[in-house]
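By written order: A, B and C. Residues from 1 in each chain.
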Amino acid sequence: MLDIQDLSIRFTRYTFGLKKKETCVVQGLDLSIAPGQVMAVIGQSGAGKSLLAHALLGILPRNAQVEGRVFFKGKPLTPERLSTLRGREIALIPQSITALNPLLRVGVQVARAARLSGISKKDAPTTVNRAFSRYLLQKEVATWFPFQLSGGMARRVLTATATVGMADLILADEPTSGLDPATAKEALGHLRELADTGKAVLLITHDIEAALKIADMVTVFCAGTTVEVASADDFKGLGQLRHPYTRALWNALPANSFIGTMKPIERSPNTTGCPFQTCCNEQDAVCGHSTPELKHSSAGRVRCHHA
Amino acid sequence: MTINPLALDRRTRTMMVILGCLILFSAIFLGAWLYGEQGQVTNLALRKLPPGWDQPFGTDWLGRDMFARTIKGLRISLEIGLAAATCSAVIALLLGLAAATMGRIVDVAVTWLCDVGMATPHLVLLILISFACGGGAKGVIIAVAASHWPALTRVIRAEVMQLRTSDYIKLSHRLGKSPAWIARHHFLPHVVPQFLVGLLLLFPHAILHAAGLTFLGFGMSPHTPEIGTLLAESMRYLTTGMWWLAVAPGLALVLSAMTFDVLGNNVRALLDPKTLRE
Amino acid sequence: MLEAKTLAYRYGKQCSWLFDDLDLQIAPGEIVGMSGPSGRGKSTLAKVLAGYLPPGRGSVMIGGRPLQGSGHCPVQLLFQHPELAVNPRWKVGKILQEGEEPTADLCKDLGLEPAWFDRYPHELSGGELQRICLARALSSGTRYLLCDEMTSMLDALTQAHIWQIILDIARSRRLGLLVISHDTTLITRLCSRNISYFGDTVNH
């Protein structure tokens, strides 16, 4: 469905007056996702997770430069193609209710999303009704305004808005943050259902435990680079995980040993080598001067010299 | 997925636009000063000439150079706009601050005044005030200043109210900071950019309304070459085919008003940390 | 000792009490957890305890005396969204010094990079900004920290890292902590005592 190879995103920023500085936020990012799959993207905040979503929707700020190969359904995803696909075949489930227009009734907004995704005016009302009943929203919810929705209902409306069309690739950006456990579970369940109907779901989150509940595969980002692609089952124990960074993430969970890194991982533009080298226990000379390749390793992939 | 490397980025473009606007405005003032008396000089040998090399904006029925007159008219418009917009912005600042900080009753009163000001048809209010003040530059300035503050007042009131309820202001208080310190360090950096940008964005309105008042005959005396006067005079000659009398000053007016709009929006982008570094 | 005595709060006279008759004690050096579903007033309680909101009934006492309205408050609150707890027009360096200039040791413990000080808050990640807020809250006069879902927006590594720092500092300075989180695993991991006041009361 979607195949991203060696994506990089650079920003040119002004420091003072007209002096510029270039920062490379994402470098060597690989990701692929198949229909019917939930692919979770996990990593630290600032690792480039949201930038990936923004790049896929073509809504990066103007001072960003994107390079790399992105294929959607086998064909290269150019900015022109993207602008026709966005909302039709690639849809975003936003993080919060603020993404909806506060002054428009919910039903109108879902119908508008349906029309934008290419559903004819005649079919739109039935499609909207179907979307509402699929997410157990009562008919009268359509006449409500966004502020009247409770947290769980808001998630369902947002999901309905994104999926009312025929989108095959669904991006969910932090769908569980700020939700209590019951609502979060429900939101995740809807994503799983979507994947089971043959859509590809890209679940971007910082919450590993939430991601593992529904994901088939997990892509781990570290400092803007893909360091590991693992199946969700690999997270059952430390032994299956390939990259030291993934192991550190897993270890840091309160349910496991709850150990954090003492140093934050930050990549300056001219560092060479492995992005995780400063915090890694297995680090040696080779990690410092060459960036490891993303190798195939059993069912997954890993970017480490020692794996 | 690459972006044209030749495209200018935001900061350079913003800087260039701001510089361009400033050059344009100084050119108007400088030009008006250099032309001196020239715009008033009648030259019957050069009557009713269409725009050409010697007279880029043509000449009128008395042979006066329309370009010189337009420049002088713009200068007067800018001066009036500056005075009116500044007065208006200061009123807005004071009322906005009062509404947000001096309790419910003041707030209700100011909000009501804003609503009234915005609901009254602008032109009617302008004509009334200008007429009541006896017309002329003073009348126009008072009328424009007295009718343009509501929008900015609302912006400033909302900004201050939002700040007052924000977590970082309360946190600052719990860190032991005095109200005066909070006002100086937290409120000022938010209100000043709003004020400056609001002031710049008031200009185009002020200029256009000042010209409009004069055009209708409630503003400046017919002897001052204000743009409104030029446009009013040209009305009589339009039917005889002297289109340049209206088109050139009219365009110049619209362009300078638009320039202020562009300037305001660019200054805003430069003052906001979110867009500052793009 | 930070004490809440028969504390109650409601938003406006028409609303029902969000919590009522609530008693709570946090001793210096003690780490108390609090969990429960959202919308039941946990955050409001934290705001009342830190003096952001005046109590509707009852009182907040610290060391036997009522909480002062002005001056540096010994009870500091840390928020879920650090980006809302800093002035977006200030540079990080100024934010950091708002309480009092943090000591070099504290900066080192928290892993604050001098390169950040010249940036604006939106140019830092959530974890970095949360550590800045933490440094600001940890003035010498601070005796109690209330952490309201402080790390729920952060990834596991950053979360573990921040809690390690807080626990170290709390131990050496004998700070009292109130940890509010919906993550019960986190609470059991961190706290010696758990308050379930908001778990079993149901109100609307």
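Here is the rule we go by: a contact is a pair of C-beta atoms (placed from the backbone, for glycine too) under 8 Å apart; a residue touches a chain by one contact, two chains touch by 3 or more.
The shown structure was predicted, so the numbers you read here are calculated from the model rather than taken from an experiment.
With centres computed from CA atoms alone, A is the chain lying nearest the middle of all the protein shown. Placing every chain at the mean of its C-alpha atoms, the farthest one from chain C is found to be B. Centre-to-centre, using mean CA coordinates, chain B is 47 Å away from chain C. Mean C-alpha position of chain A lies 46 Å from that of chain B.
Annotation: 30 Å between the Cα-based centres of chain A and chain C. Under the contact definition stated at the top, not a single residue of chain C touches 2 or more other chains.
In chain B, the residues that reach two or more other chains under the touch definition are 276-277. Those residues of chain A in touch with two or more other chains are numbered 15. Partner chain C is touched in their complex by these residues of chain B: 166-168, 170-177, 186, 189-190, 273-274, 276-277.
Within the complex formed with chain A, the chain C residues making contact are 37-39, 80, 111, 113, 118, 125-128, 152-164, 182-183, 185-186, 188-190.
Note for the complex: chain A touches chain C at residues 15, 42-46, 151, 177-182, 206-208, 248-250, 252-255, 258-264, 266. Of all residues in chain C, only 50-52, 70-73, 76-77, 79, 84-90, 98-99, 120, 122-123, 136, 139 touch chain B in the complex they form.
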